[in-house]
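The structures come next, written out as structure tokens.
The same subunit A turns up in both complexes below, where it pairs with subunit B and then with subunit C.
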Partner chain A sequence: MNGRGSVMLLTAPALVLMAVFLIGPLLAVIALSFTNYQLGAPSLSFVGFANYIEMTEDETVRISLANTLIYVGVVVPASVALGLGAALLIEADPSLRGFYRASYFLPVMATLIAMAIVWEFMLDARCGAVNMLLKAIGLGPYDFLHDRKLVLFTLCGIGVWQSVGFNMVLFMAGLTAVPRELYEAAAIDGAGRGFERFKLVTWPMLGPVTLFTVVVTAIRAFQVFDTVQVLTDGGPNKASEVLLHTIYAEAFNFFRNGYAAALVVVFLLFIMALSAVRLFVLDRKASRP
Partner chain B sequence: MSGPRLGPIGRVLRHLVLMTGTVAMLGPFVVMLMTSFKPKDEIFAPTFHLLPQRWGGTENYATALTQVPLLHFLLNGAIVTAAIFLLQVLVNVPAAYALAKRRFRGRDTMFATVLVCLLIPYQVVALPIYILFFSTGILNTYASLVLPFTISVFGIFLMRQFFLGVPDDLIDAARIDGMSEYRIVWGVMAPTAMPALVAFGIFSLVAHWNDYFWPLIAVAREELYTPPMGIAFLKLNGEGTAYGPLMAAATIVITPLVLAFLVAQRRFIEGITFTGLKG
Partner chain C sequence: MRLTRRAATAGALAMLGTGPALAQAKSTVTVQYPLGFIFDKVFAELKTEFEKANPDITVKYLPAYKEYEDGAQTALRGAVTKQLPDVSLQAINLQRLFVDRKIAVDLSPFIAKEKDWEGQGFAKSMMALGTYGGKPYGLAFAASTPIVYINDDLVTKAGGDPAKFPTTWDGIFELSQKIAKLGDGNIGFFHSWAITGNWMWQALVFSHGGKMMSDDEKSVAFDQEPGKKSIGLMGRMVREGGMPDLTPEASRAAFFSGKLGIWTESTSLLRVADEGVAGKFKWRTVRFPVPGPDARLPTGGAAAMMFATDPAQQAVAWKFMKFITGAQGATIMVKGTGYMPPNALPANDPAMLKAFYAEKPNHLTSLSQQPLMTAWYAFPGENNLKIIQVIKDRLQTVVDKSAAPEAALTAMAADVTKLLPK
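Showing the complex of A and B:
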């Protein structure tokens, strides 16, 4: 059976599941955002843009959006720069290369919820290792997770810790693609080592990889949720409230599903905008000879 | 990277910087492991010793394993991740083959749909799927943890790219031998795609073993908790500051992945870097 029937058999499961779990829900969430649906309520009615208008006046949403942007604004540059630095330094010499690569990559795959709890312990104001260290140099103690001014940046720190290794391996893949001849040419031109070489050869060649890494990290940072949910629950006093956590609370604590759906649409628009850049970069990478 | 090697000072500086970074990267893992061996009074002592002065590991691990059914949670994690990956292969590999090697009406539309779906983060579709499962009574079952992930447009995309490189002659020969399309997928295509399947498997395993958002939404019954939920449950329902047992539980939860990573480092890095394509 090599005809149309076999194609149906090959593709039908994927098509059905795609409709049920991706396309259908995507359309449903957009439709829901124009209703006042509440889980378990007998009926729902069309409310137009009411949810979106309510959003603009919602203090929690404003704080949450601002915090999410700050989080992305800190985690992306910090983890991309550190990832690039780690990749360059590790690849610069063979000594202990495998050990460093494994060490920096370990946080990427370790269960974040488990490691978040470890960080909470390390950041404890009384008995945490971080405050013990700070005390040794005459600082602190800081209550990193309960201080309104510190909490968001503390979560950023955990986010950076977790993303550096991921960005590092993306850059390493980019570095192996830099042709050896370029370094040789640069050496002949007197830019054989150090910063000159980086500026002349490595950086221009890494440009597309960097853009790609920035976008991917931004998408991941936008989805920050685990650490917030388990460590701060958005507190104290909403100081660490982020978009996905607000959505979660509206949908599954308050069951205001219509309103939550409108927030999801906003979240989606941010991700889509970033993804469009990513596809553009991927496309250029793929079409280059 | 090619190019000239570092001089002696450069080499020392490189180790200095990278070692400092290593301390920051591995620090939490070391503290976790060491604290899991310490008795309670030592954890809260005003002076900090990295190494345990007295042995408290037995009690911590016993508490972690008995206060909540941690082994049961690990088993749940294994069942769920294995079921997800198995179904992902069954659903997505044939579709990828059709997209790569069969000519049929609607193929371009289907592939375009796959590309569009690649842009949808799963948190976006979680709410409608929750409502769907709520109204069909699937919430709080293993199925609710597995079903939404059986479709992996990322898997389809990845496998299609790989299958495009498989020579048509191989498939034609199989057809002449009278093999059915299913035999071709599983007997000819899948074996050639082993590296891609392994990478996808690692990506899938790590993503779903560590996932917290969806299980948190889909299951409220303790018997169905996955490891990340189990450890959050221990934190919220034990004494919040019983750090000894918490660190023991954290060690138990991350150990399977860390061991697998140390054994197959290169494949892990490859597999997870694919998330770069997915996001």
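Showing the complex of A and C:
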């Protein structure tokens, strides 16, 4: 067997799996997006770009896209900054390090649906823990999940809470990779502590990790669904409608699977754009001498 | 495996000469119904009575559908994953979805085997509620119309007379303002506009003499004069009636705690209201205002449909459907909810409901609106559920004052037109 043959043979299982579970379904979704297929309907017909044209006039899609972008715009900077902060603080002092790491990482491991229900109790307008605390300092009460102006930001808060731990772990890994000598050199140059040292050594060295973290968090934030489905169902009056929830509702509440498939294609474009950023920027950095 | 063993046991028992009753395996009928907060108790009682009459059948309920639309969605999903109940209770206007998709079973062979079907109370008017293309698919289980619930104490305090309650919207709004002026967190008026997405919207348009679609079902008709009056009326409810933007749960809580003076709701909530108010204050129900010429009101409610495909299972399902929609089932249902019985027998039978109605005048309000009743309109085509949603979304913009009523109506008509079959 020549070299090429064995390459083919050895990659075949992976390629077949990729074709069956990734490429195949993706092509099926793209094909469906040009039809009027309804879940369970006996037949379907080709409708060209009708689904995509409908999307441009669909107010729900517009609202849900805007909400998703706001969600990403809040969750990404907040959870990246807090994750970095937590990593720096925990790494700065060895006491109780294990405890802090574990407790910050806990939300990442917990099932978000179960946690969403816990949040629902905590955020209750009449007897929730959050409003009790606010009342103690003379604020509120706020109806976090039913107030049209608050609901999206409440979900952002839960999103941040959920991703800080994950980002913290990524930054910790990044911090261990920073060579000790650089800190020593910085100390000799007079930037021995605090912000100076962070600006001169830590932050530039964390560049690639930060970019990776931002992209991963953004992709995860784009996929926000569980909290919306459990806590608000997109309401009140679409104030917390997000892209994935709209897709779900179109496909499994209204059974308009063709239209939902078209939305999935648009959604995938966003995710692919983000992945492309990671690929190109990181690879360019890596290949630089 | 278990079945085989059971069959083997049955065979052994039969050989031993034990009676056929023992040899008969117990069968189960699975049933799913909507609106648990209204129906849970009724279906618990129906199960008890049905199993008493049919000891060889066990009734198993799947978790109740939250609302009618959610019920239809769950069942349509179940049809794809082959997880349907044998009997499903669906909104009268959503039955069409299951007929079009050939999920519901044609009931005519079962009816043909019955003796004196009409004599059992299954009158033509009742059967019409579940007939599509000339074939019966649904047995109407519960029927309703919108009525007005009023808190006697609040109305009296505000200077009104509950016994001479206004029959026009103008009168209602005037009274509502007076109730709101009492202060203490009192709300004058709330119209339950969100009920099953578009039912109350149909009630307003029909009560002004309008209709949802043109006669050929090709174009929207709710944007004509009666619809314009109806959407204008909703604007006035907010502006002049002082109607707040409440969720259905919040409006129920407000009425039950005595903070809401005038409340339009379905008659189906009478039992829930009885329990919610629990004698804290006096209340009554009056007829829904009907301003238009040729006014009508849509018949809300649910019908039992058969989804079972196996003949043995179908036979069991039929027994259950016939029981809950028959005279005995209807009596239990009426006493446990606020719905009207589609079955013709019980209302005039002293042993069944006649005495009950004499004691419960609130239940008579909807019955007195019977001459106005018309079909709960089902939008044509496969986007039926989505159409209901866009109507609800547009009505919401009027209630939360984010859109002018006329603009909301224009947008609603445009949205629905886009979703109609081309």
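Note that in this section the second predicted complex is superposed on the first by the 261 of 289 C-alpha atoms of A that agree within 3 Å, B and C clash if a C-alpha of one lies under 4 Å from a C-alpha of the other, contacts with A are read in each partner's own complex, and residues count from 1 in each chain.
In this section, contacts are C-beta pairs under 8 Å (C-beta built on N, C-alpha and C of every residue); 3 or more make two chains touch, one makes a residue touch a chain.
Note that the structure is predicted; figures quoted are calculated from it, not measured.
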| item | value |
| --- | --- |
| Partner touching more residues of subunit A, whether subunit B or subunit C | B |
| Subunit B versus subunit C as contact partner of A:Q229, first or second or both or neither | first |
| First (subunit B), second (subunit C), both or neither touched by A:G138 | neither |
| First (subunit B), second (subunit C), both or neither touched by A:K238 | second |
| Partner chain(s) touched by A:Y104 [first = subunit B, second = subunit C, both, neither] | first |
| Partner chain(s) touched by A:F252 [first = subunit B, second = subunit C, both, neither] | both |
| Partner chain(s) touched by A:A41 [first = subunit B, second = subunit C, both, neither] | second |
| Subunit C-contacting residues of subunit A that also contact subunit B | 39-40, 252 |
| Interfacial residue positions of subunit A with respect to subunit C in the complex | 38-42, 54, 57, 60, 146, 148, 236-238, 250, 252-256 |
| Parts of subunit C lying in touch with subunit A, wherever the complex brings them together | 69, 73, 76-77, 79-80, 101-102, 247, 382-383, 385-386, 389, 393, 396-397, 400, 402, 418 |
| Residue ranges of subunit A in contact with subunit B within the complex | 1-2, 4, 6-7, 9-11, 13-15, 17-18, 20-26, 28-29, 32, 39-40, 82, 85-86, 88-93, 95-96, 98-115, 117-119, 121-122, 124, 126-127, 129, 132, 161, 164-166, 169-170, 173, 175-176, 178, 180, 183, 187, 192-193, 197, 212-213, 216, 219-220, 223, 225-226, 229-230, 244, 247-248, 251-252, 257, 260-261, 264, 267-268, 271-272, 275, 278-279, 282 |
| Footprint of subunit A on subunit B - complex, ascending | 1-6, 10-11, 14-15, 17-18, 21-22, 24-29, 31-32, 35, 43-46, 48, 90-92, 94-95, 97-99, 102, 104, 110, 113-115, 117-121, 123-125, 127-132, 134, 147-148, 150-151, 153, 156, 175, 180-182, 185, 206, 209-210, 212-213, 216-217, 227-228, 231-232, 235, 241, 243, 246-247, 249-250, 253-254, 257-258, 261-262, 265, 268-269, 272-273, 275-277, 279 |
